[in-house]
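You will see chain A twice below: alongside chain B first, and alongside chain C after that.
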Partner chain A sequence: MNASDKTIVSLTHVAKHFGAVRALDGVDLTVTAGECLGLVGHNGAGKSTLMNVLAGTLSADKGTISVHGHDLSGRYSVSTAGENGIRCVFQELSLCPNLSVAENARIFHPSLTGFGWKRRAGDMIHAKLDEIFPGHGITPDDVVADLSIGKRQMVEIARAFTTTNAPLHLVILDEPTSSLDAVTSGQLLDFVRKVVGSGISCILISHVLGEVLNYADRIVVMKDGLVVASKPGSDFTRDTLVAAMGNVVEVEEIKDHQAFEAKRGQTEIVIEARSDTALDSVPLVAHRGEIIGLAGLASHGQTTMLLKIYDAAMRNKRTPKVDGPVALVAGDRQTDGVFHLWSISRNVGVRSLRRMVKRGLIDPLAEAALGREWQERIKIKTPDMDDNILSLSGGNQQKALFARALASDADIILMDDPMRGVDIGTKLEVYDLIRDEAAQGRTFLWYTTEMDELYNCDHTYVFRDGAIVADLTRDALSEEKILQSSFQESA
Partner chain B sequence: MLAKLTSPRFLRAALPAASFTILLLAIFYVQPRAMSYFGMNLMLQYTVPIALATIAQMFIITVNDLDLSIGAFVGLTACIGATLLADTPVLGVLALAACVAAYAAMGALIHWRNLPSIVVTLGMSFVWLGIAVLVLPTPGGTAPGWVKSIMALKVPYVPFPIVAAVVIGCVVHVVLMRSSYGVVLRGAGGNPKAIGRAGWSLLKTKMVMFGAAGFFGVLSGLSLIGLTSAADAHIADRYTLYAIAGVILGGGEFVGGRVSPIGAVIGALTLALTGSFLTFLRISPDWQIGAQGGILILVLALRALINRREG
Partner chain C sequence: MTFVKTLSQKAWIWSFVGMFAVWLATAVYTGGKGSADVLTAALSFATFTVIVGIGQMFVITTGPGNVDLSIPSTISLSGAVAMKIMDGSNAMLAIGFAASMGCGVAVGIFNYILIRVLRIPPIIATLSSSFLILSSAIAYGRGLKIKPPPLLADFTTAQIMGIPVLAIVIILLAAVMGVVLNRTMYGRSVLAIGQNMRAAWLAGINVERIRFFTYLLSAVLAALCGFLLSGFSGGASLNMGQEYLLASIAVVVIGGTSVAGGKANVAGIWGAAMFMFLLVTMLNTFGASAGIRLIMTGLIIVAVITIAGGDEPQR
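Up next is the complex of A and B:
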């Protein structure tokens, strides 16, 4: 391989417009062999569009794409990307839920045909899963619909690294760790370093800045459809990176909240719940105005607990005790959150319909007013709240879901890891909002897979195998303690 | 072992076969004379065209569409079979091939313009019916001799309709469920976006599925005139709903690419049997369609119960 072959892909002046929105406004990007490129930026900065162009699923309006020195602009498609060894793990999962893991691997490899293809596909994906995520517990015959969202993400990542006859040069990982817990995220990132060492390149898009800072060789910062910085990873610190992304809010604000310390017992108990396992060391208790964190490894009973509480509130059950109306902010927003065919206003207002009824019908003025109010309060970036919800970027869709819960009459807000794939600016805005609302007497139950978010919580309950194993106050909270409780052997 | 046998997935897969068996046993109990080679043959003879139409509908449902024209289409192919195919075989084969091509084109149109399949197929059903009336204005015609002889085939010990059903079910199962391209076709129903992103042509999958549906529609029409030996434009009007019910009875779902060819064939058999069962119970034909609906609701309610356990 000579020096000119070191460049795998180079994009020059790539532009992509969606109507009046300039998603990409002339981007230059090169990826060289054996490099891990970190890509960061706000939601709506154009990262996902850029990756779609690179993966061939969107064609650029302007600019050139060349792979290994060959100019492919104008005839670049998904299959040319595949032939040239460029793969993409998309943020919203691209597995077919009705097919098995092995069959999904087959979809990815046109050459897997003929007698015995199923066994070959199964062996291939299983070996790769073993290599990246030891102890994954997935078999090739599992139907994807039966797997948890974290396991689906593992399958999708492993699939992108499998090879048949086409070479593999570049894997794009768009928010790969958003549904993974700390351990599997670590496994993946270590694997990425190993792969990069063997000459394959990766583009890592993540809102968890620590991941990018620790694992990327070079970091590219995007803002408003442009590349605004491109420097070796070691030249950035967390603060300079945030500054480059153009956030006005300082990261330190997260820690500031620690100054505020509500003492338990000043307000009445609104939730008291136990898991179904009968192994809880403590019950989950929430007082009015508290922010309660649910921690632990992904899918160890946190979502089940939230749904149990939601169910109890909706059907007026005696146990668990829930005092007050509830609203749920979904984590898997495409499946459980947004109504795809509705406008943003309608998506926000659907939890508050009863309030907007006039003579038996929904009052369109009230609905529009509610939409406008929340557009302002929560800063949903859109020219018109009557636009379809899918015209928003992922982070803004999530904001709309928050607005839906906060606009409702609910005293208790349940949050099911709502910040998956949301940029740090949006996160900080939402944290502020949650704190304000809590100060006004709303109670939050917050399942999160991100350690930083737990520092916003008054109390954190750690879950393991469906049971509550620890109750940590904010003073006692530390990453070590959470990991310790998450992994304790129940000997 | 026991845990595997009571798992929702197994129960759901076993439900079509179980409902068929229970219905068959009920028939034998009410009318023991049906329990013979001749009785079974008579009772099940119309299942072959229904099973073929059900498979055609299943292909369409696999890619998240619904075909409301399959009954009229089977009627059209029956009319072509009883006229053109019998009189001028070359012209007849060409006409039937054109029918299959028209189906594939319908799939292409639905994909290309992103149209709701229900609307397109409902409209097309009148086109098929109109052409059928033009081809054969009054009931009549004669089925080609070879079609009749195939349908009159006598197999030792096992009635011919059962053999035919097993063959149809197995062939489609291998092609759709086991082959490597079948995975892509089903995936196009499960998550079309993912299939597109993996570099497959969604237009092609739609055309293949609609074309396959057209082909099985033709087979259904031919097998039908093999039994009746004459045709009529309205001969298969009921098949549209039979086919949808058969797919659903057989464990298929309207969206998400979850279908089962073997289940669909069993579903078609069950539907055909309910008719005989109700006749044996001396329920007047006026009430039969309602009673058939009742049996359908019963089986689907059972499946909903199993699904709830799974969720």
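Up next is the complex of A and C:
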């Protein structure tokens, strides 16, 4: 532990317990100036907890925190973190939904006072958005609640990099790309490299191992609340990284996972839908047992389409045609998914209550049994399914939402970019689960911002400006084709 | 479950603690004289607050902004209609009761139409409908001086060993509503909607139907309260519902139900209703003037809610 001049932050033996859960169990971590540190690990490995300690939003039970060589243990808080130039972009977004983008930017910068502060805050955030995400389409007057989750994420990121009079040394990015599409993710990661070049450090948490391998100088692997490996990025390959995370699942390229047979035409049509734009080149069609991908840049009408189909099924509308009960897996779990006062079991069971009613009353034993069954099947990491849902890490909350939909009686499952914050091991297991369920006749509509996931789909519909612009079969699918369709004709 | 359970228990236990503390203070002051009678009276009067409190609780639990302000006028309308139809005759009791319930159903449907179809915020919708309802009651029951049927009067004032029969019935009703809240699809849906209406809809809950039933339930319970109250107090009057506006909300909050929605408690309503009555009795016994009484009532309610911890911070 020789604190050189270049060390920005150094954590020693940091521990944090939540009841019986040892989220952090004695972690050492140093960040040096001008370094991009990649942080990987399974859901619940302690990554987010560690970053919360570093950002000052959680105080450590044990261990020391020193910044620029000064020991700040015991009096470390959000404001001391801010004063020392440490900022955090949280996985659970922290913007105020009722305020505009400019007003949210102002909250970060108390020095923006006096006449015209709103315009100056707006100019500042707009310039930063332009710098990181050219062509972002966000104006400073937009109210945050009206923005899609991807755009909220962009604002949050841009805000963390704005500077007035406080210094900026370290920005923590907790799964920043999970809500971004391929293009904006690329813009962000390139920007991170640029910033790192200018001497500012970044911590990058991601489940997309490619991003970490390609962009991080050093990679730290966490497992069960401990740091299990810390090496230069170039010392890792995809396989050794997965091995370090302790993954038992064999990582094969998803593309070669299974020989897909074209099912189209062998089963009846269960969904036929058009967008509201009247510009669709083809309607979206799903046959029973198919997995249908919805692709394109983030928030170009994919979620709208899913909600339209959901709405039609719930209200028994005639168009769009939807044949069978539906369930939805929310991606924006805070707004669309989680019931924050309830236990994990109740959150899983809420879609299946009808089945658990005996003589007019919900059977608590059936509810607990359903919870246990899905804890087992989808590996929700918790000591007790009766604990509050918020005691779970973000990825595990997402698994609970998956369990809610898969445990239900729905024949059609709509998925709104559901893998946000889910680790690679779980992803592969969930992919298998989805394929099994599809083979048994369930139909999946899957909006995803991750290219790789589309290789699980029988058909992929590409969206642009709210309209369906391309229909790609499994054989015709390629990243180039999707990007091509996503950008065609766009100004 | 243990976490959620202990938390909700903590919230409602305080209304009972407050109730016993106030009762004890009164008993000590009077040297124990008539303290049993005080409890009997408290049970009698709390019964009516509990009836409307349960309805209000379900409404408030469906989330921020949901409240039923038409309860007082519904009480008056239901009482007036029932009294006029029965006209003091036991033979008309069933018809009078049906008419009273009919008033409740009509008010519930009307409220919901304002909220859903005209998209008026519930607080404004139920406030404005309460003017319409009260006007109907005035127009309908002009010069209302009708005695209730003897059977109804006897039933609402009957006691077994110092315990009002009506109170026993409403304790049973509260128990049933507790089961409805925690163990039925309807109750579970109300709790889900109160936490996050959008997530509830996306989890397959028919949000609008549940909200409709909730406003209907509140109005029907208010009508029931009006029917029983006019039997208890020897006839209906146009301002008989007045005190139940704030009381219905206060007992819900003191009883440990979250104003932010999604967390409710039926048992606490009984404790809170008893507490509210005994509190006023205590201040009366102490000989406090009307002004002091109101100030103390306000302060003590604030104290109870503070001690009970209020809501845990909402994200």
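As a working rule, the second predicted complex is superposed on the first by the 478 of 491 C-alpha atoms of A that agree within 3 Å, B and C clash if a C-alpha of one lies under 4 Å from a C-alpha of the other, contacts with A are read in each partner's own complex, and residues count from 1 in each chain.
Here is the rule we go by: a residue touches a chain if its C-beta (ideal position, glycine included) is under 8 Å from a C-beta of that chain, and two chains touch if they have at least 3 such contacts.
It should be emphasised that the depicted structure is a prediction, and the values quoted were computed from it without experimental measurement.
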Clash or fit: what happens to chain B and chain C when chain A is overlaid? clash
Chain B versus chain C as contact partner of A:Ala330, first or second or both or neither: second
Is A:Met314 contacted by the first partner chain B, the second partner chain C, both or neither? second
Once chain A of both complexes is superposed, is A:Asp386 in touch with chain B (first), chain C (second), both, or neither? second
Regarding the shared-chain residue A:Leu361, is it in contact with chain B (first), chain C (second), both, or neither? second
Once chain A of both complexes is superposed, is A:Val350 in touch with chain B (first), chain C (second), both, or neither? second
Is A:Glu175 in contact with chain B, with chain C, with both, or with neither (first, second, both, neither)? neither
Taking the superposition as given, does A:His340 touch the first partner, chain B, the second, chain C, both, or neither? second
Residues on chain A touched by both chain B and chain C none
What residues on chain C touch chain A, complex-wise? 1-4, 179, 183-185, 188, 191-192, 195-196, 198-206, 262-263, 315
Interface with chain C, chain A side, in the complex: residues 310, 314, 327-328, 330, 334-343, 345, 350-351, 353-354, 357, 360-362, 364, 386-388, 404, 408
Within their complex, state which residues of chain A touch chain B. 55-57, 77-79, 81-82, 88, 90, 93-99, 103-104, 106-108, 110, 112-114, 117-118
Spell out the part of chain B that touches chain A in their complex, as residue ranges. 178, 180-181, 183-184, 186-187, 189-191, 193-200, 256-258
